[in-house]
Structure formats: structure tokens, C-alpha cells
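Here chain A shows up in two complexes: once beside chain B, once beside chain C.
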Partner chain A sequence: MASAAQRNIRSISYAKYGYFFILPFFLVYCFFQVWPLINTFILSFYGNGQKVEDFIGLDNFRALLFGTSTTGMGRTAKAIHETFIQTLGNTFIVWIGNFIPQICLSLALAVWFTDSKLKIKGKGFFKIVMYMPNIITAASVAALYLSLFAESEYGSVNNLLMSAGIIDSPIKFVTGCWQSRGMIMFIQCWMWFGNTMIMLMSGIMGLNPSLFEAANIDGASSGQVFRKITLPLLRPIMLYTLVTSMIGGLQMYDIPYLYKKGTQRNEYTRTVAVFIYEHFREKMPNPNYGFSAAASVILFFITIILGSFAFAMNRDKDEAMKKKERKAYAKALKAKQKGLGGMEI
Partner chain B sequence: MNKLKRTLALVATLAISATAFVGCGDDSSSSTTSSSTPAESSATEESTPAEGEETAEIKLPSGGDKMTILAWNANDVDPMLKMWLPDAGYTEDQINFVNFNVGGGEAAAQYDQYFLGGEDVDVFMVEADWALKYINDDAATAPMSDLGFTEAYFAGQYPYTMEIGKDSNGVIKGVSWQAAPGAWCYRSDLADSYLGVKSPEEMQAKVADWDKFQATAKEVSEASGGKTALTTTLGGIWQAFAANRSTPWVQDGALAVDDFCNTFIDLAKNMRDNGYVTDLNQWTDDWYAAGQTDNTMGYFVSTWGFGDSILLTAAGGDGGATFGKWAVTEGPTPYFWGGTWMCVSPKTDNADMVANFIKYFTVDEASMEKYALGKDGGEYVNNMNVMQKIVDEGSNSNANLGGQDQFAVVHENAKAIDLKGLITPYDASIKTAFLDAVNAYCAGETADAAACIEDFKDRVAESVTDITVE
Partner chain C sequence: MSSANGAKDNYTAKLRIKSIILFVVMILLTIICLLPIYILIINATRASADVTSGVSLIPGNYLAKNFDTLFNHPMFVNFKPLIGFRNSAIIAGSATVLSVFFSALTAYGLVVYDFKLRGPAYTFILAVMMVPMQVTSVGFLQFMLKLNLGDSYIPLIVPTVAAPAIVFFMRQYLKSSFPLDIVEAARIDGCGEFRTFLTIAIPMMKPAIAVQAIFAFVANWNNFYQPSMILVSRKQNQLTIPMMVSMITSNDKVNDYGAKYAAIGLSIVPIVLVYLVLSKFIVEGVALGGVKE
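After this line comes the complex of A and B, so read on.
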């Protein structure tokens, strides 16, 4: 039984000091993050170039999404619509093309590395080597691949293939449509599979080992263990990987921006983020803040929609069904009580 | 005790938050100090060896704390200050050099940010491509006449550099200390074996205009069995060709598309389809590497491009595979490529120093000659008399060009450049869009010349929203 004094002490709260200490972060965060974020939304309703101070309502969105305009953008609206849709397509193609091989590769490696039966030697070494590409900055990676896959006959890979007699003329690794997309998919996959693998490994190692033991005793094959135990239990981690990769993929910027021939931009690998940057910074003499902001806002909503979709898809179906049943039962009970009214009395 | 802790926590919190805002707010301290010490500033004025008759005409205020110079790299400003400061009797303490350390194309965005901050600015450097953005803006640049310079002072400058520095009313607001006329460099050994050409003069006769250029390209291609292209990139050709335009790109706020465009499209298509030009792009590793093979025999090069930037690297460096096998000639048309201009902010508070600086590098021939010869690697200064003198003396010889003096060649070109006042603030974007469209057409992405023009218009409509594109 606590004395009055003890109870009194317990009621003293030190929490407010905690708030004081995190206050600087929030001040800075509001000033440098929240306000620019809100400002992006505001800017998306304003004009482009010199007309940056004119309010034009939803015209930027109209131009980007449908190529029409009510404030006389004319050809600009049409051109920007085509480019925007193309960049959106590029973004999805490059993301999907890197995510599917990446998750397959990471999953296979994660399962092998965590399998107690396989006893792979030098796991630590492989983990480090596979994670390594993620540590190198994107600029160095782009420079490395640009010099390896330079598309004239002087490029290392082209030179090798040509002298080996495999190809007659150099492959256009940097400007070709599917060649350049393939290269970026490969680079992204190569940079990120180590990261995904480590995440999936930690997920697998967090699973209850008694389930695997029980499966072994029951004589399940490793394929069965994978399909019936590992995969279903790994679902939350997979969902996490999917959502983070999707957010990262939709905002993919560095490699597509840097992987280009000289100063000429490749239209097949221009992602939405690159499009946003170009209109924000690289339009002379006046930047197109309106288009840039509107494209950011559209990207934001696409991310929200796809994210919610992924969550809805991956909801635990049994749990959802049970919840539904419980609800139906409660409803029926209520109806019963109402229907029978005073009869029971 | 508790109170002390709380106070300490509060102070620490405020201190941490304050650091986050250190970069914000404008630096008004310099202006307050300058206004509060009039005695000191007038003393500086007297000790300045500035010429009496000019300081008298300066309409802008003097006596500020420091002269602030904005630029995107230190390649020019450092050697300039090194020479000017001792000669003018100023010290480094009086200079505030803000180096943004970015590419020239990104500098405008940095400047806009800086100007918004309201900090001190006296002189800033601009590139031809976006100079008009500031020169046409009276809030950003002051007329040179406010510093006591009339047009007569700049009589020795190459005419085209003056054109770029004028705003839409013809007022001089930007001046350049360097000229960047271009020329065409070629492999003299290949020219000898394929064309039988022995001297730059003979070569010039074979590339004197664009028709001859294409005919010679055909000759080279046939003689080499299709192996050697006359020049390396369409970008280089376009750099020179774009200088031929006889009407502005933008008229009455609308994009002007005319025969000029079609002429270039035909030329580009012809050269590319027949292998008269390689499909390489400028500023790539391949572009440099091609210079060490027999796949190309020419590069378009400007005054600054004879060193590491273009030609020396293309030759494989000092002692490289093709080092010393090059020669230079004027090429099909006079053109310029690059260069830097100086503008003065109307908010300057050091007009006397600024005037001295501008005089030293753009008016005074003796100091300009000193700079031309004194700067590491030499500078092609923006004065016809000075350059004529240097060329006449014949002291310059370039080992990569087999001892030829490139200044003698570009000097002729520079005098012939005629811009006819055609520059618009949108030129950089429009020219890039056109080259991109032509490259796409040559790569087979658009079907014909008409589609290429449509593609070009779409590109311009997308990037330049301030003009109409029908």
C-alpha cells in the first residue's frame, strides 16, 4: 500500500522536459520540411515561368493529366501532358523491372543463407559483398557504368563483345530504349538487392524455429517449408519491402538523372522525379514552378493510393473474415433482441 | 536547483534552435558599418589610385565595406584578383568573393537565391546563354554609364561581345574581358592523305561554307572508304551554324520557325546518314576518345577549348596518340562559343572599386595585355588592338597544332561575328531543344523533317512557358 507521499511522487511528470528537448527538432522540421511541403501544394495552383504569381487554379493538373487548359496554355499543355505521361510510364516500367528480379533474388539468397541444413560457409563475407553496392554513392555507380557501357566501339563492354565477334556493331547501352531501361533496372537491382536480402533475412530469423523443426520432423521438403511456412509468415516483412521499394521507386531520381549520354537526356529513362527537377531548376530563363509542384502533388497521391492498395491486398484474410463474422453475429443478436422485444420478459 | 536545471534546459534548447537559423536572415551588419564610418571610407577613396575624371561621373554610391563578387567558379576571378589587387592598391580584405562552385548553367538559380537574401552584391559574372535574364532586369543590373563608362570606352572590344551586354533598349549593362570566338580544328595528316591538303589556307578553301563543308565531308568519306567522318558531333556543327541566324528566335512573344531550321535539319540528316559526322555527343568519354582514332578528323573548338577542355584531351594529352597532328582554320562560319560577362548591381556600395575593376579588365589596353600574357595558359582578352598586337608579335605557338598560332586564326573569326542584335533570353533553351529534336530525327525517332519541326515546337512549348508556340 503506497503512502500519500509515494503517490504524490508518482504523479510528478518529467515528460514535459522531454518535449523541451525535442522542441528544436520540431521547430527546424516545421520550418524546413512542413512549410516547403505545404508550399508545394500552394505552388501547384500557380502559373509557370514569368507568371509564377498568377493563380490559375487546377490548370497545371489539367495540363499534366489531360493536356487541356483553360488559361490558354495551348501547345504547352499538350506537350507537357505527353512528356508527363511518358515519364510516369518510364517510372513504373523501370521500378517494376527492377523490383521483381530484386525480390526474387533477395528472397532466394535470404532463404539459403538462413537455412540451417545448408551450412553455407563465409555467410558474413557474402553479406558484406552483396550489401557493398548500396554503400557506393549513386554518382560513382553511374560514372562506373557509363564508362563500362559507353556505347561507341571504345566502350569496354562493347569493345570486348566486338573483339570476341559476338556483335558486329556497338550496342546502344545508354540511348537505346530498352537497352538503357534494362541498364537502369539492372543497376537499381544490383544496388538494392543486398539491402532487401538483409531485411528478409532478419524477418526469417525472427520466425519461430519450432515451426521449422516440426516441419522437418514431419518430413516436409524444403520447398514445402518455403511455401507453407516461410512465405506466409514473412508476409508483413514482404509488405514492408514492397511499400518502401515502391515509394523509393516512384521517386527514383539519381541513376536515371545521371545515366545519360553527355548532356543529352534520354527520354526513355526520364522518371517523374527527373521531370520535376528539370522544370524546377533547368528551364532557362525562368523555371516552371507550377508544373513541377503539380507533378509532385500527383506523385504524392499516386503513392498514397498504391500504398493503401498494397496494405488492403496484404491484410490478413482470416482475421478479416473473423471480424466480419463477429460483426454479423453482433448484428444478428441485436436484431434478435429488437425483434423479440418484450417477448422474453 | 530545479529552477537552474530548467533555465539551463531552456537556454540549451534556444541555443540549439538558434543554430538552425544561422544561415537565414540578411546580413545587414556590413551596410550598417559602412554607413557609420563615412570618415574611413572617404579615406579609402583618397588613397585609391582611381582616375579623377571617372570617379567624378560615377552615379552609384561608394564607400562600402567590401566589394562582393559573385561567380560560379574561381577559374577567372582568382587570377583576375591576383593581378588587379596589387596594381590597383587594394587589399584582399576589401574583397568578398562568393564562389558558388557550380556549372555555369546552374549559376542563375544560385544568383536568384542570393539576391532574394538581400545580401551585399557589387559585381556578378554571367554567361551569354542567360545574361539577358539579368541584363533586361533593371533591378538586377545597372547601366555601365552609371559607373562613368560610355560606349566609347569599349571601342576596342569585339563587336559581338558588346551586343550581348546590351539590354532591349540598347543600354550597355554587361561587359566582357574575354572573347570566345570559335574555329574548326582538323587532323592535318588525314587531310593530307585524303584530300591532299597541305596547309590551313587550303583546308579553309575546302570548308569555307556549309555546302563546301558537306562536299569535303563526302570526299573524305569516299577517300577513307566510309571510315572517317569530317567532324565529330552535330552539337559542334550546331554551335557554329546557330550563329548564322538572320532573325531572332522569338518575335512578338512567339517562337519563329523558318527556313533556317529546315536548312539545318537537311544538313544534319545528310551528314549523319552518310557518316560524314559521327553519332557521338559532346562532353562524353567517347567524344574525346574519337580524337585519338582515324574515325573523325575534326572538332569545333573555341578559344578556351584548345587546352584540356577539348582539343588537348582529344589528342590524348601531351604526347598522346594524335598530339601535334592537328591544325586550325576558321571553318564554315564565324561564331562564338562561351565567354563570361560582368554585370554591376544597382545596389552596389563600392562603385569606385567596381569602376576600377571594370576599367582594368575591359578598357585599359595596357592592363588587358598584361592579363592576356600573365594568366596561366594565357587569356584571349576582349580587345581587338591587344589581340592584334599579340598576334603580330607571333609569340604564341601551340605544339598540339604543330606550332600553329590559334590566336591568329580565331582573331580573324572574332572580328567577323555579327549577331545583328538577335539574342533573346530564351536562346539557350530554344537552341538546346532544336538540337535535341534534330538528334532524335537523325536517330530515326521522328519520321521526317516536318515531324522534327513539330517535335522541336513541342519541346520549346514545354520548357519555355513565357512565349507562344503555335
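After this line comes the complex of A and C, so read on.
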């Protein structure tokens, strides 16, 4: 009886339920993500401000990338080009300045935390504390640092440094070029190193422990273990971290946007995401959809190129090795056949 | 023999010294992580004049007064924390429920049923996981304004139905710990497909759902970009907590520093407390899911 029922059930096709179940996701995704993406591409061919309805072809891209225009943007094109190039540079500088210290610190911490030979007390506590900055609202973090590092002598840090006699006049933590960039790098690093550390830790703990044991028995130093075992095996996870951090870096918005003195933003920390937002949102009655959309499209392609480049780099090595193995195998097979053939003769 | 012992002693001594050095490093990092928040809390309890005259590690007795200023002084007319908390809770709460439920549904569909487009659908979800939000936001806002949805919570809540990263996580979870035989057994017992999902799969996915719900809630609660983009007219009773905090910092007229710190503290302390309660769970969740925005 049961087997008959079972057979009966097997013969029913349930495929249509699969479509039902994933349908809401795809409907919503197409409506709220795919169409807006296409819409962004479309808008990038249209004008700005009052002329938002006019089709101007590739002029927005021309303006952003080269500062030229065929539809008479003239001076505006030049200015927008300079700002855009600067924002690209800012994004890159701030991302590098936050990523390198962050990955070094996280990697070191992850290795130390997972090293069974070292007995560090309170590991759980440290992990919880180090992840905490990541959970706090970025807007509040920016507000907190702005208050602590305010530029007048009333700012806590300037106040402390001045009363200790280290400096004579307040440091321009918010409007200075490298001071403000440094602060944003520091805040980003402060917020994200715990997260990166935990990801790398889970990666290290997923590695085969017998490798580490064998290395220990062979008397490898911890530096050797790190360079010869941990680092090579961790490559896929490092790569994932690199790619996600890169994409996150390209979108860096909250802190650079909010870290400003009153209402005046300084030009040294304006990232691409802030540039996009300023043009389509802050100029609201007459938004510059064209410039923002074109910048978004450029950002989109940069993301794709960087992402695929990173993935290709990772895959190539493995694939090359597999290819080599396959070749060697084919060769061996051939030799074997030859050998057998020879015997036959 | 003795030289071997010496080497061994040397080795353990080395390890011990290293452990101590590392412990000191950890303490330093802990201080770096906690000090800003500690000073924030201390400054929130001090009078404005004290805050501007120097840093202190000892709390003052001005907290009640600061809160009084915060709630009643016209300087803080834009800062209505209770309204902000309510709005943030509405948005983050509904976004969490929608994203977690529909992600579970999508992941279940992808794992349990064998259909022609299963492979392509999954590849699509993997591919779009990496598309930055900023890239679509221009077209998104223009489209929403056309539909007359500016100043509405709908563009903030409904799109969360499609959350590729959560689907990915749920799918991994189902693959590793959901026996498909159960579905068949339910069918034999005459249970409908959707009911199987609701009454059998969802309870079995509880751990994954809990982790993802926490992260989705935090992400939506902290979201600053989208609400400030969509809520075009900045109506006061619609603002979220991050937006209110950002308004305080960009307002030059706010010169009561104690109250300002109290305002920032009010936006940070609740989330820190919740974090401390759920911390073990959250830290494990990060390791599990590789959740990163």
C-alpha cells in the first residue's frame, strides 16, 4: 500500500511548486532592483537639472571622464570632471588606507586567537568587544567622533592634547586634508576590523588541523606555519574578504557623508557614493540625474571589473594546476598504452 | 638530557612571554574599542561647560538635566527620540520579517524542488549578491518618485523581500541540515506543499532564521542611506533615529555639548545593550554566514 502511494507521489511533478516558491523573490527583485538598474542606465543618457528630459547621448560620460561636452555644458563639464576624478581618488585613498591596516590587524588577531599553543585569557570577551563597533549605527559613530575630535579647543581630543602641552593650536581633524582622511580611515578600520577578524578566524578553523600538527612536530616556527600553511590555504577567504571590502569601499557613504563640519563638506573626503548622492538627491527640485546615473554606471563597471579580476586570479592558479595534472595523466596513459602495445608486438 | 630540558624550558618560556605580550595588545585594542563609547557615556552625564573644559573619566551628575534639555529645549526641536525609535522599529521590524520569511521560502524552493530553471535562478542570486546598492539608487529614486512613493515607507520595506545574501545563507543551511525525506513523508501523510514549508521546514530552520533576523534587523535599523534618500520632504514624524542624529551634528545652533552627547548616547546605548545580551549568538553568526555588507 505504502509503496503504491509512494510511487504515486513520485509520478506527480512538483516542479511547478519550485517556481511558486521562488516567484515572490524574483518579482520583487525585478521591480525594485533590475528595473532601477536599467533605469539608471537610461537616465545616464539624459540631461541634468532643468534639462532632465533631454536626451544627450554619451555627454554625461564625456563630461565626467574627460571634461568635454558636445551639448554646451562647457564650464560645468570641466568642473564636474575635476570633482569626479577627485572623488574617485578620495575613494581609492580612503579605502586603501583603511583596508591595509584592517586586514593586517585582523589577520594577526585571527592567527593568534586560533593558535592552540598560545593561551590567551578571555578570548570570548575580546571577540565580543572587538566586534561591537560594527553593530553601532554609522550615523551615531560619525556623530560621536565629530564631537570627540571637534576642531575648536572644546573638542575633547584637542582639549586633552593642548592641556598636555603637546600642541599649541587645535588640530584640524575635520577640515584638514590628511587629518580628515586619516580620521575616516581610522573610523572605518575601527568599525570593521572585528568583523574581518571573525571571518578570517572561521576560515582558519576550517583548515585541516592535522597540517598544523604535522608542522609542529617538524618543528616549524609560528612564522613558518603562517607563511607556508595558513596564508596559502587561506587564500580563497582572503580573496572573498578583499572583494567584499572592495565593493564595500566603493560604496563607502555613511561616514564620509556625515563626517563634516556643520553643513560644509570638505573636498578631501568626498567619495564617489557621496558625489552620486549630492547630485541626484541634494539638488532635489532639479536633480542632476544624468551625472549621478553616469557615475553609477561607471561605478558598476568598476565593480564588475575588480570583482571578476579578483576571482579570475584565484581560479587561474587552481585551474592551471588541474590542467597540468590532466596533461601528466594523459601522458602517463599514453605511455602505458605504448608500453602495452609494445608488449603486444 | 639537560640540554633538551633547557630547550623545552626555553620554548615554554618563549610561549609564555608571547602570550603575555599578546594579552597586552588585546587589552590595548579593547581600550581603543571601548574608550570612545565610555567617554560618550561620561560626557552625557556632565554639564556642557564641564565637557568643553576637559576630558574626564568620572561621571558627573548632570544626566537628568541633559535629558531635560534634550526633550524640552527648542535647540533640539528636530530630535524626537521616541518618534525616531518608533519609526526605526516599524521599518526595521517589518523589513526583518519580510526578508527572513521570503528568503526562507526562496531557499526552500531552490533546495526541495527540481525544476528546469533551478540552476540559472541560483546563479542569478549569487551574481546579484555583489551589486552595490548605490549603483541602482538613482534609477530607484526616480522610479519611486514617478510612482508617488517618495515619503512612503513602502520603498524601504517591500524591496527587502528580495535579499540575495540571506537566500544564499538559508540555502546553505537547508543543504547541510534538512533531510528531503521529511518532505516526502509529509506528502504521503497528505500535507500540502506550502503547509510542509510552514509547519515543518520553518521550525527546522529556526537557528538560521534567528541569526539572519538579528543581522537583518541591525542592518535596517542602522540604515541611513535609503531612508534619507526616499523620505524626500523630511517630515518630522517620519524620520528614523540615524537621520535625527545626523541632523543634530549638522546643526550649528546646538551648543549644549552635554545634551548633544546625551542624544548620541541615546542612539547608541540601546543597540549596545541588545548586542551585549545577544553577543555570543551574533559573533557565532558572523562566522557562520560571512555576512558583510
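Structural remarks
By definition in this document, the second predicted complex is superposed on the first by the 302 of 345 C-alpha atoms of A that agree within 3 Å, B and C clash if a C-alpha of one lies under 4 Å from a C-alpha of the other, contacts with A are read in each partner's own complex, and residues count from 1 in each chain.
We take it that a residue touches a chain if its C-beta (ideal position, glycine included) is under 8 Å from a C-beta of that chain, and two chains touch if they have at least 3 such contacts.
Computed from a predicted structure; not experimentally measured.
After superposition onto chain A, the modelled positions of chain B and chain C overlap sterically. In the superposition on chain A, A:Val28 contacts both chain B and chain C. When the two structures are aligned on the shared chain, A:Ile198 is found in touch with chain C, with no touch to chain B. The partner that reaches more residues of chain A, of the two candidates chain B and chain C, is C. Of the two partner chains, neither chain B nor chain C is touched by A:Ser308. In the superposition on chain A, A:Gln50 makes contact with chain B only, not with chain C. Contacts of A:Thr83 after superposition: chain B is touched, whereas chain C is not reached. In the superposition on chain A, A:Thr175 contacts chain B only, with no contact to chain C.
Applying the stated contact rule after C-alpha superposition, one finds that A:Thr70 touches neither chain B nor chain C.
When the shared chain is aligned, chain B and chain C each come close enough to touch A:Tyr154.
After overlaying the two complexes on the shared chain, residue contacts for A:Tyr277 are found with chain C alone; chain B is out of touch.
Stretch 94-102 of chain B is the one among 40-48, 76-84, 94-102 or 130-138 that clashes with chain C after the shared chain A is superposed.
When both complexes are aligned on chain A by C-alpha atoms, chain A residues 17, 20-21, 24, 28, 32, 146-147, 154, 262-263, 281, 284, 287 touch chain B in the first and chain C in the second. Chain C contributes residues 15, 18-19, 22-23, 26, 29-30, 32-34, 36-37, 39-40, 43, 51-55, 102-103, 105-106, 108-110, 112-118, 121, 125, 128, 130-143, 155, 158-159, 161-162, 164, 167, 184, 187-188, 193, 197, 218, 221-222, 224-225, 228-229, 232, 241-243, 245-246, 248-252, 257, 260-261, 264, 267-268, 271-272, 275-276, 279-280, 282-283, 286-288, 290, 292-293 to its touches with chain A in the complex.
Residues of chain A that touch chain C in their complex: 2, 5-6, 9, 14-22, 24-26, 28-29, 32-33, 35-43, 109, 112, 117-122, 124, 126-133, 135-140, 142-148, 154, 156, 159-160, 163, 190, 194-195, 198-199, 201-202, 240, 243-245, 247-248, 250-251, 253-254, 258, 260, 262-263, 272-273, 276-277, 280-281, 284, 287, 289, 292-293, 296-297, 299-300, 303, 307. The part of chain B that touches chain A in the complex is made up of residues 9-10, 13, 16-17, 20-21, 105-106, 108-109, 129-130, 132-133, 235, 278, 280-287, 289-290, 293, 425-426, 428-429, 436, 439, 443, 457-459, 461-466, 468-470. Partner chain B is touched in their complex by these residues of chain A: 17, 20-21, 23-24, 27-28, 31-32, 47-51, 73-76, 78-80, 82-83, 146-147, 150-152, 154-155, 175, 261-265, 281-288, 291.
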